[in-house]
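Chain naming follows the written order as A, B, C, D, E and F, and within any one chain the residues start at number 1.
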Amino acid sequence: MTSSYTQEKNDLPPSNGLAIINSKAPFSSNHGKDALDVALIFGSFEQKVSLFFQGDGVYQLIADQDARLVSIKDYLKTFSAFEFYDIEDIYVCQQSLVNRQLEEKFHIGDVQVLSSIEFGLALNRHQHVLRF
Amino acid sequence: MTSSYTQEKNDLPPSNGLAIINSKAPFSSNHGKDALDVALIFGSFEQKVSLFFQGDGVYQLIADQDARLVSIKDYLKTFSAFEFYDIEDIYVCQQSLVNRQLEEKFHIGDVQVLSSIEFGLALNRHQHVLRF
Amino acid sequence: MKTLAVVVTTPPYSHLTISALTYVEAALVAGINVIGVFFYQDGAMHANKDISIASDEYQAIEHWQRLNKEYQLPLHICITAAEKRGIACDSIDNDQVNEAFTVSGLGELVELTTKAARLVQF
Amino acid sequence: MKTLAVVVTTPPYSHLTISALTYVEAALVAGINVIGVFFYQDGAMHANKDISIASDEYQAIEHWQRLNKEYQLPLHICITAAEKRGIACDSIDNDQVNEAFTVSGLGELVELTTKAARLVQF
Amino acid sequence: MSTLHLVRQSAFATNDFAQCLSVLDHQDSIVLMDDGCYNLKHSLMDSLIKRVDGTLSINVITRHAQARAIEISAAVQHIEMSDVVELTFNHTKVITWQ
Amino acid sequence: MSTLHLVRQSAFATNDFAQCLSVLDHQDSIVLMDDGCYNLKHSLMDSLIKRVDGTLSINVITRHAQARAIEISAAVQHIEMSDVVELTFNHTKVITWQ
């Protein structure tokens, strides 16, 4: 939940892992859940996976949501399992938050808020990218 | 293929027919074809149906397209059957054309180019609306 | 008598279908005469008997079946849309089609539209 | 050796699938080692044997079958995505699944991703 | 001749809400539902609210907004799905923007 | 570390192309395909073309543009699908914006 992005990290070699870009709002489509399933399976195979939230995808991170109010199973709760699966790199696009008048108040910890340039650089350190 | 919309028409009572709004570009999804199937079935049952093209839907009307170049069956050719089915009211949103830098050059005749206000008024004269 | 026809174009695994269901049930509860629901495009997938949604997820199909039973709500699927999506409709017994649904052509949509005072799409 | 894995998320009746096919075939012709295509989300519908697309439309499934045969291109469908979309995969003979496709779990996507030099999504 | 507009998509993601607004008449009503609720925070909303003059009404389905942790502004009506049914028959037609 | 961006959606309809541009690096390449071809006429394109400085390259699949009756501007490269395969391996990764 910090907007700092240290030079040290930028100097790291490519992580050779998978980056998943989440671009869709959480409740009206299955994209968020489908992306989550991919992330968790990579985690369970001990493969490096990082999560990126951009555009309407940033809504997936916002605190105080409750899918049960609209009869949907709350898959966002499963985000708390990221730690268990060693999914530690969670990035959100600051510009997308600002555009949507959203505060940096998330329902999981350790979300890194990045400028567009930092977001692009972080994405660039991965070998493969899937976008949902 | 005229942008005029006479006062006489505006004074007509509700047509009690169906308006179909086409909002999607022609080749990447089935929406255009699915809307066409609905229009033709209404025509064949001698029910009044009008077609509206707005947003990326205006691309469905543009001249000189060739779906076969991308291995798609050219359903746009079937638009020429509108006359046979007495589908005569075909409206396109001028602002959508302008935004996309498109000329008023269509692959069928009798397309009426309307301002947003005229487009809304024409829509309003129908009893039911479906949007694809 | 207020008459209503509804068109559903979203698949059963889309959460958008929940709003369609909630709306139709609210209409039925309010005494509206819902003369039929027409499932078009991806909506046709609702009639696939083999669809298996995780048991802790919203069971859209079961809810449509319930409305069909409780209110005799007619549920039509478009045959062309269904066949495109892998529901075999051409056999005599149509054993892949959920029995709450009627296999119809687009002509049924014309019927519903001309008979209903309001047509609402979801 | 250049290795490539491809993920397809669009259904067989979407024209977007044509671009995926054209790309994969171009890769195979260029001698790229396409280690597998993984059909996820609506892409899983490709394996439904009962899908019937009008004969004058592009037959995406037949083209995938052809690439599978000519190049031994592995085609994997995600079982969860398939079951959600009405393809019964749990029976022993899987008689609803097109034989050119292998019913797989998401673990297969992990395999493909870790083995391939490039991963491309369509 | 008034229209009920059901808005189901985020204007941050797609152009549909803008298309809706371009044909909006002063007697119409809007219902924000599903991802349409996000539009409460979109700049298109500000200009729309200025157009509300007693006839045009803007509504949002309370549960749909609450589920998404969206604060409902005072300029819009909080409604339930049963109200949407009523609005359906208070207007002469319905257009769904999805 | 360069990226090949496959752009498949119209920027007139959705926000995806804008998201692509926000992470674009100067060594990257863009391929406009499917409805992404429409972006040739979008205002986002004008600012993008100004950024082309010899490393960033913008390509369009000729048939995809021709099918849509889109005139191809001189500022972009006309390519075939086989070129996309080559570009795939000339860059270190691929992101598809669809």
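FYI, a residue touches a chain if its C-beta (ideal position, glycine included) is under 8 Å from a C-beta of that chain, and two chains touch if they have at least 3 such contacts.
All values derive from a computational prediction rather than experimental measurement.
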* Any chance you could name the chains that touch chain C and chain E both? => A, B
* Structure fact -> Output for shared partners of chain B and chain C reads D, E
* Where are there more C-beta contacts: D-F or A-D? -> D-F
* **Most widely separated chain from chain F, with each centre as the mean of CA atoms** => C
* Far-end chain from chain A, centres as C-alpha averages -> B
* **Centre-of-Cα separation between chain E and chain B, whole angstrom** => 25
* Asked: Measuring from the mean C-alpha position of chain E to the mean C-alpha position of chain F, what distance in angstrom results?
  -> 35
* Asked: Between chain B and chain F, what is the separation of their C-alpha centroids in Å?
  -> 29
* For chain B, write out the residues touching at least two other chains, lowest number first. => 27-28, 30, 55-56, 70, 72, 127-129, 131
* Mark out which residues of chain D touch at least two other chains, giving numbers and ranges. => 13, 15-16, 19, 22, 118-119, 121
* Got the chain E residues that touch at least 2 other chains? -> 8, 12-13, 15, 34, 64, 93-94, 96, 98
* To do: Go ahead and list every pair of chains that touch.
  => A-C, A-D, A-E, A-F, B-C, B-D, B-E, B-F, C-D, C-E, D-F, E-F
* To do: Write out the stretch or stretches of chain A touching chain D in their complex.
  => 18, 30-31, 34, 37-38, 41-42, 45, 47, 127-131
* **chain A-facing residues of chain D, complex** => 7, 40-41, 80-81, 105-107, 109-110, 113-114, 116, 118-119, 121
* What part of chain E is in contact with chain B in the complex they form? -> 1, 3, 15-16, 19, 22-25, 92-98
* Tell me, which parts of chain D touch chain F in their complex? -> 2, 4, 15-16, 19, 22-23, 26-27, 29-30, 32, 117-122
* **Residues of chain B defined as touching chain D within the complex** => 27-30, 70-73
